[in-house]
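Following this message is one structure expressed as structure tokens.
Order of writing sets the chain letters: A, B, C and D. Residues in each chain are counted from 1.
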Amino acid sequence: MSARVVSNEPAGAYHLITLDAPAVAAGAEPGQFIAAAVGGPQTALLLRRSFALYTADPATGLIQIVVAEHGPGTAWLVRVRPGTPLDVVGPLGRPFTLPAEPGTAVLVGGGYGSAPLFDLARRLRAIGSTVHMVVGAGSAERLFGTADARTVADSVVVTTDDGSVGVRGLVTDALPGLLGPRGVSAVYACGPMAMLRAVGETAASYDVPCEVAVEESMACGIGVCMTCVLPVVGVDGRSRMVRSCIEGPVFDAGRVRWKDVGTLPVDVLGADAMDGH
Amino acid sequence: MSARVVSNEPAGAYHLITLDAPAVAAGAEPGQFIAAAVGGPQTALLLRRSFALYTADPATGLIQIVVAEHGPGTAWLVRVRPGTPLDVVGPLGRPFTLPAEPGTAVLVGGGYGSAPLFDLARRLRAIGSTVHMVVGAGSAERLFGTADARTVADSVVVTTDDGSVGVRGLVTDALPGLLGPRGVSAVYACGPMAMLRAVGETAASYDVPCEVAVEESMACGIGVCMTCVLPVVGVDGRSRMVRSCIEGPVFDAGRVRWKDVGTLPVDVLGADAMDGH
Amino acid sequence: MMPLAAHDHESGIRENPGSHTHDHGGTSDATVDMVTTLAGTVLPNPVLTASGCAAAGRELAPFLDPAALGAVVTKSVLLRPRSGRATPRMAETPSGMLNSIGLQGPGIDAFLEHDLPWLAARGARAVVSIAGGSVEEFAELARRLAGAPGLALLEVNISCPNVASRGQVFACDPLAAADVVRAVKAESGVPVLAKLSPDVTDIVAIAGSCVEAGADGLSMINTLLGMVIDTDTFRPVLAGVTGGLSGPAIRPVAVRCVWQVHAALPGVPILGMGGILSGLDALQFLLAGASAVSVGTAVFHDPSAPVRVLAELRTELARRGITRLSDVVGAAHREPHR
Amino acid sequence: MMPLAAHDHESGIRENPGSHTHDHGGTSDATVDMVTTLAGTVLPNPVLTASGCAAAGRELAPFLDPAALGAVVTKSVLLRPRSGRATPRMAETPSGMLNSIGLQGPGIDAFLEHDLPWLAARGARAVVSIAGGSVEEFAELARRLAGAPGLALLEVNISCPNVASRGQVFACDPLAAADVVRAVKAESGVPVLAKLSPDVTDIVAIAGSCVEAGADGLSMINTLLGMVIDTDTFRPVLAGVTGGLSGPAIRPVAVRCVWQVHAALPGVPILGMGGILSGLDALQFLLAGASAVSVGTAVFHDPSAPVRVLAELRTELARRGITRLSDVVGAAHREPHR
């Protein structure tokens, strides 16, 4: 799918890139992502890069992503000029689940991981839910969307590891205060894997359902290559290596075997067949 | 060497690219070329592309090249925007030889091959030579520099194969009229290989020395790889496979074994050692 | 055949926008007969998916119609469900990638129950890739698949390690490769392609051995063994340490393998693959001697790559005045007629 | 050893401008001891040119000081002058290139008269690459070179076809490879490196055979055999039909070869090469087990590549808190200490 870069501006430690991509904007839901080809027409970078949708407006056909410079692909992307065509595929993946009934939701974002949560907050509020947000990062410039948060959420806690802005500490430090007293019906989180694990465990300890959007290295983004797997417990109690691009990136936090991510647990379906070859 | 694109504008069928490249501009002589890295920082195009210098001004540090879109490298180059850094190596190769004494020179350019001849014309006139130019191409839009020619040469003939501008015919059709009557001391030519051969043969038939700038596929441009060779007769009468990047691109037309280019003549030095392995 | 003098290009990652603007006034696209015969099986066109790069076809349905392809080559299936390896399972490399999936899959039962019927229902032709750790496993898989609706061909992935033989890969040993092919042939009701590895001293010897053992055709190439080391952790990037290199980086090796085998065994049908991104890339393989091609890693770059490659191939053939695809198969081995 | 957690990258074509801006506060560049020992020969640093990619050093002089490199590896020299093949001799491929030069060169007499003395006069260490069509030719070359001033090591390019053995490449046959090494060792006054081809089923077997025959070390890898077909003329692009694939495209294969051989023969010194463009690429080879590296095709992209790679390597080691280059050699085979 061909999109076009409308603008590309620094936003703290990140770049906010706006794309004209009507086909993506049309059907997107919070938690879904796009996969962008990087490096230009003569690129040696064969694989697409995945980015969560920050906004997607079917009316204007515009979508936005928040990009952290990491390796060569994102280094190219944060320098791409307005007007440049950009080849994107999406929306991809399973979005966050909206509740059937209004309730109280806590949304937890770490770093650029907060990006998909603002549209989610809007949708939750649209169905009458109350939304509390926790937005955290290592330091002030790695926070994303704290101003947005105030417009879409009923309450906002900002945390930084170094205390440069908001409360000093981790996003999880803010959770007991929110999950304890308030009868929260769901937690949604996006951010680094270690954070997702901690949020999931905290939510579980308060018996609150929790959905997380994970980030695994992806070669295809569409479910054909099997690179993006992580061990997830199925409804039948069996663990499987599950594709995070198509069966995720949003998972029930309680089903992800966090401590086994990056390993091959012996009880995963088909692990017994790995002997010898 | 890092240069910067100052401007990039269509010029008939070609693009005229101006680069800020003081180190190249400083030492360049007519007939020399630069080698540009293409495709941007993440490019899959490993090899540099060679372009003859059209102008090189030590005072401003600017150089100009004339680029015909051909394959992926030139496709990228003709679209590169002003302000973009461009990695160039040069000036490379052996320039045209200026005569010790003033005389009458005929300069013959085919297509973008005329590019290096205008600076050559200026230098020849600066030492008091008379300069006649023949500028030819397949059709009007593939001519380059006819206006320049009028400012740097004492006479100009323009030819096109289709007669769309100037005289209908090949550049060589114009040579008898110039070489016959006028006591020409040297012919200089740049353009497609078939044209160079024809010009060289015509000059030889009038007993006029002729230098040509050839164009062979080059991997390194600096003399280390041995890809750019063609069979050339040495002063000792022995033919050798000679590197056109470093021992050329300017050769004495009479020494190039035109009809053997692209083959391995049996009498070339070391051809006998090729048996078996 | 009318090769053009004009200059075209094999692709880097994507076709460059400017290089194919000139029109050569060849025949119009519609008049090119794209039908090909692969190992005795007639296919409507020569562009297939590659094993492991299209799952069992279903995930590609949002991007292309599986029935519009020559065939869908499915991910290698084994007898039992397999988890595959730990992650990381991939690393990007210049114009390529390494993978070390470890043949994750549901096993033959689930494949026969869910995957093959889905393809059959869509009218897609299936080339089913099978893999095993022993000759018996391969034979058993062929037996299970015999007569299954939708099955057009079997592709025998002999690039997995032979459990009985100190983990040596079947495809690296002419005798082991032949044993597998012979056993599969004895059970299979459809033509059998043996899929070869380029990581051998003499691919022609392996090819000949497979053909002698009854292979109806050859698929090549599988990935090259490669490795990337993380310069921060100082350890291999892949959990599996080494992985298979695929993508445009390996295309010249793949074209060479097809060329060598077609030169030595001109009568043997070849399914060519390795780094095909564009119609012109596919054309290189056909010219080298392949009757059909698989588009693999390109799908990760562009999910609709197989249908795009097919469309580009048709256009490029038409531009060259070719009216029948079969005329270009192996043409690079023949002196041009002028 | 203190691997960093931060993320770095193997390079595509060039280092990307943004990825190395962060400072990790490692040791300063100057304090890294870059000395390495290759097959018993002490070199001031581990970055060399690659045979055939630097001629005999002289053409690089405008771009770098040959004495500043670990050594200059010269283009393979033969007994007699050789014309090389007809053109075209090269084709660009995705992140790589094919070459089919055919070992053009002046022959050993001219080499000894002009080339080696030039390097010696500059204070550069020379690794002289020799090639021949028979064991006797190799032996004769070693004899001619024995005692020549400036000669540090011999690199035996056994990737050329063996005239006596139906054109099979020496490096593809453990016995033929060993015969060449043994004959060269008998004549050579300096340590001998055998240069291996990756186009074999079992590179460890060839490596072992060369070491047993007396090789003091191994150079790897030479190019992979590849091919490009012109989709307009319908014929192979290269006059020599097939050619050698080099450049970043093959880097994962090269790292894998070094890794495998170092794992099997940890005591054998390795000169690693294949697609090195940056200091971090070089580091991958060192971590895999190479004591030094050659920078080949990268020179075509950037004539000063070898000195740039050296500078980058020094900086990257310093950033990682490494004070001695020798500490990283083979480190990827060891479990990280925490």
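The rule we apply is simple: contacts are C-beta pairs under 8 Å (C-beta built on N, C-alpha and C of every residue); 3 or more make two chains touch, one makes a residue touch a chain.
It should be emphasised that the depicted structure is a prediction, and the values quoted were computed from it without experimental measurement.
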Of B-C and A-C, pair with higher C-beta contact tally: A-C
Would you kindly tell me how far, in whole Å, the mean C-alpha position of chain C lies from that of chain A? 35
Just curious, how far off is chain D from chain A if you go by their C-alpha centres, in Å? 45
Mean-CA-position distance for chain B and chain A (Å): 56
So which stretches of chain D touch two or more other chains? 7, 11-13, 16-17, 94-96, 247-248
Note the residues in chain A that touch 2 or more other chains, in rising order. 39, 41-45, 72, 75-76
Which label fits the chain touch graph of this model best, line, ring, star, complete or other? complete
In their complex, what parts of chain B are in touch with chain A? 38-45, 72-73, 75-76, 81
In the complex with chain B, residue positions of chain C that touch it: 7, 9, 11-13, 16-19, 94-95, 248
Any idea which chain A residues touch chain D in the complex? 39, 43-45, 69-72, 75-76, 78-79
For a test of understanding, state which residues of chain A touch chain C in their complex under the given definition. 37, 39, 41-48, 87, 89, 216-217, 219-230, 240-241, 246, 261-264, 268-274, 276-277
Show which residues of chain C lie in contact with chain A when the two form their complex. 12-17, 52-55, 59-60, 62-63, 75, 78, 80-90, 92, 94-97, 99, 101-102, 104-105, 107, 133, 160-163, 167, 239, 247-248, 297, 299-303
